[in-house]
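We just call them A, B and C in the order they show up, numbering each chain from 1.
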Amino acid sequence: MPDLKLTNITKRFDKSVAVDDLSLSIEHGEFVCLLGPSGCGKTTTLRMIAGFETANSGTIELDGMDITRLPPQKRDIGLVFQSYALFPHKTAAENVGFGLKMRKLPRADIDSQVKKALDLVRLGHVAERYPRQMSGGQQQRVALARALAIRPRLLLMDEPLSNLDAKLRDDMREEIRRIQKEVGITAIFVTHDQAEALALADRIAVMSEGRLMQIADPTSIYESPANATVDQFIGQVNALQGSIANVEGHIAHVAIAGGRYISGLDRQIPAGTPVLAMVKHERVFLSRLQPAAGENIFPCQVEGRTYLGASIVYRCNLGDQAMTAAVPNHPAFEQFQPGEAAFLHWASADCRIFRQ
Amino acid sequence: MGVTSLLLLPSLLMIFVFLGLPLVVIFMQSLQDNVLLQFTPPGIENYKYLLTRPYYFDVLVRTLRLSLLTTFFAIPLGYLAAMAMPVLKGRLANMAIMALTFPILAGPLVVILGWMALLPDSGPLFGPLVRAGLIRPPRILGSETAIVISQIQFVLPFAILTLYTALRQIPHALYEAAASNGAGGLQSFLHVTLPLSLPGVLSTTIIVFSLAASSFIAPHYLGGASDLTLTTLITNFVLGTFNSPLAATSSILLLVMMLAAMFMFVKLFGRFIRP
Amino acid sequence: MKGMKVTLSWIYLALIYLFILGPMFFVLAASFNTETSFPAAFEGVTLRWYARIWDHQEFLSSAWTSTLVALVSSAVAVLAAFLAAYAISRGNKRENAWLSATLAAPLLVPQVVMSLGMLQLASLAGMGTGFWWLVAVHAVHNIPFALRLTLTGFARFDFALEDAATSLGAGRWTAWREVTIPVLQSSIVAGFTFCFIMSFVNLPISLFLADTATTTLPVVMYSYIESRIDPMLAAVSAILFVLACAITLVLDNVFRIRLVD
């Protein structure tokens, strides 16, 4: 049975629709990332689950119980905020103990559970400090400990790492994952950082303009996105405009400008339909010599080169459309200079075709 | 959202009951007959009376004149002070801001007493000069000049505080941008500081004008017996001749004058304020 | 050039502060003057004017009345303003011109007019004015000040703190008691102090609405001045001035609470 189940949730503010007919179910112990561009409704979804916003329609179930109309303080859901929202006038220990105090636990129980929670995030030594006396990373972990101390049925985190610098963010990412596994809690983690989502999630739910685009494990999201929006949002992708020419087996041929044809995976789109053919940057190869055989081989001109350290990104022109190739910065791969002529090629299996 | 808005109720209710309702009562009273003027109420005889007697009309004009003069001096003086403020740093800046509240918090009576000590011809300001025969007794105390001087002093702290806040909100990067585009001090002032602070100047002007027009202690103590303003006139009607309807009429005239002035300020500045 | 500008700024500020604070220092000086008239040239130092205040019971009892009126009216004003500031800060951020105008009205309507209206309301209702009338008008008059100071506090307040408390099991009121009010404590104290002092020294409202049992200190000072001005009055004023300065400085230096921002 799923732990959390959203059914046809819709939320409108004034006239704008923040969340549009969203259905989602999450298994027990699962770590799900809500990923999407700014303003797509991630926070609103989370706030509805937490009970701070009421859905205009749809239901939310937790452990099989309908909590759609339950006030937030009765939901037993742990929350970690982007700003941490630590109580500035309370010490780390008092912050962590707040939820237990609200539950009217005896003093001794509170103390021992606070200690346990702080030890879990490895902060036993700062228990008596106030938030302003702690570093950003420490505050972050106190916020996590505070949310977990009430032994919530569900843990919700809204961009908890976005106020940390890059290095600390990577450490905290590992830390959050370790703790979530250790406690065995179901967790939803909101982010607009795809790398974070890919690294952390059991499953990623991609949202766009209030709608759920796709929910799947990171590999599927990256390698077989359900639509052009997801494909464009995850990773770096080339999008070529064209229309379906014909289909052979499970390969579709797409006519693009300049009388060229490219081939990709067929999705049963009738001939003549305008489509987008999508290839991720790192799946495009660039070579001086024309490859002996294969599909999607085109002569091109290298127009720009960006050095990124781990890879080198080349901008090439394919007729009047631009095509970008990300080549690993490794001696086994050829390097090019702007102005050089070269050949672009990619496998049909790496080229996905979506209706425009 | 709905529940949260209810929290506005106590304030709004208090303002409606203890300010709105009294204003309505004042308006009704101003249409009533009284010992001085007999007519069948409601009528506008009180207004006609106050506006056609030169003595009372002068009171209205004097109130307007004194308030406008006060505003006219206080705004530039305060603006310059707010601009100069940043030369003070750290604790001193902090102290300077706090010191502005001292006269406000000590209360108008204390401040007026100070002017009553300072301004007489024999006082510490003019006394030595008069005794040395350098000037003739200036007779400032008991004149409109004394009222304006003390009103400027009274409103200046408010003016400096609000203008300082307005000036501080202009992002510093804009000055750097102006300077990097070759704007000198004056140009940067004319193209950045002044336009961006205009909304602040407008609200300060409105506050300063209303403070001056409402001031009652300065004209009462520093003005001459004939230098009545609308506030002291109201007080005389209430505490002296017990003429409630005329006090009410003067109050409405004062409010109308203030509203008209505010409207004028908004029109005047509004033309230069870019949204 | 730059140095010149700085020097001019210093000189200008010195003159402005001299203008603003100067008159009060003459009151201070006069309160220590042995000369029995006011104003008078400075003759010598004495504390006898301060001692004489004790012979004037009406000053002491009216100071107590002022304290009571100020306490109650400031509490009411701050409570109302706090609730309004909460609604304004938490609710939709859109500027509402009517709302701001209404909430600023007590600042713009002359106190003399406000009090006259209440006086006429009372006589219309066939009642005498007194303590509660005074409190009501003082409170309304103070709402804009209290609102300004509490709004400044809310501008720095992270409402996620309340959500955090709620998600941890606190009800609305508990979240307020445990989180919102303690975190905003200094704005509340600042608002209360400011209102208290403004109410304590207020003359126009009290002049119209006080009855014989609720004469406040400024009203007593007013009627005293009507008959004579002497250095004892300067001593009373000096105490008010020094108290105002002291409260401001202590709040700032000891409690880090500012009455202005």
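Miscellaneous remarks
By our rule, a contact is a pair of C-beta atoms (placed from the backbone, for glycine too) under 8 Å apart; a residue touches a chain by one contact, two chains touch by 3 or more.
Predicted model, so just to flag it, every value in this text is computed and none were measured.
Taken as a contact graph, the chains are arranged in an open line, each linked only to its neighbours along the path.
Remark: the per-chain Cα centre closest to the mean position of all protein Cα atoms belongs to C. The chain with its CA mean position farthest from that of subunit A is B. Averaging Cα coordinates per chain places subunit A and subunit C 54 Å apart.
Averaged C-alpha coordinates give centres for subunit A and subunit B that are 58 Å from one another.
Note on chain placement: the centre of subunit B and the centre of subunit C lie 18 Å apart, centres being C-alpha means. Annotation for subunit B: no residues touch 2 or more other chains. Residues 1, 4-8, 10-12, 14-15, 18-19, 21-23, 25-26, 29, 77, 80-81, 83-85, 87-88, 94, 96-111, 113-118, 120, 122-124, 127, 150, 153, 156-157, 160-161, 165, 185, 206-207, 210, 213-214, 216-217, 221, 231, 234-235, 238-239, 244, 247-248, 251, 254-255, 258 of subunit B are the ones touching subunit C in the complex. Looking at the complex, you find that subunit A touches subunit C at residues 50-52, 72-79, 81-83, 85-89, 98-99, 102-103, 146-147, 150.
Chain contact summary for the complex, subunit C toward subunit A: residues 158, 160-161, 163-171, 174, 178-179, 182-183. For subunit C in complex with subunit B, the residues that touch the partner chain are 5-6, 8-10, 12-13, 16-17, 19-27, 30, 38-39, 41, 76, 79-81, 83-84, 86-88, 90-92, 99, 102-103, 105-114, 116-121, 123-124, 136-137, 139-140, 143, 147, 194, 197-198, 200-204, 207-208, 218, 221-222, 225, 229, 233-234, 237-238, 240-241, 244-245, 247-249, 252, 258-261.
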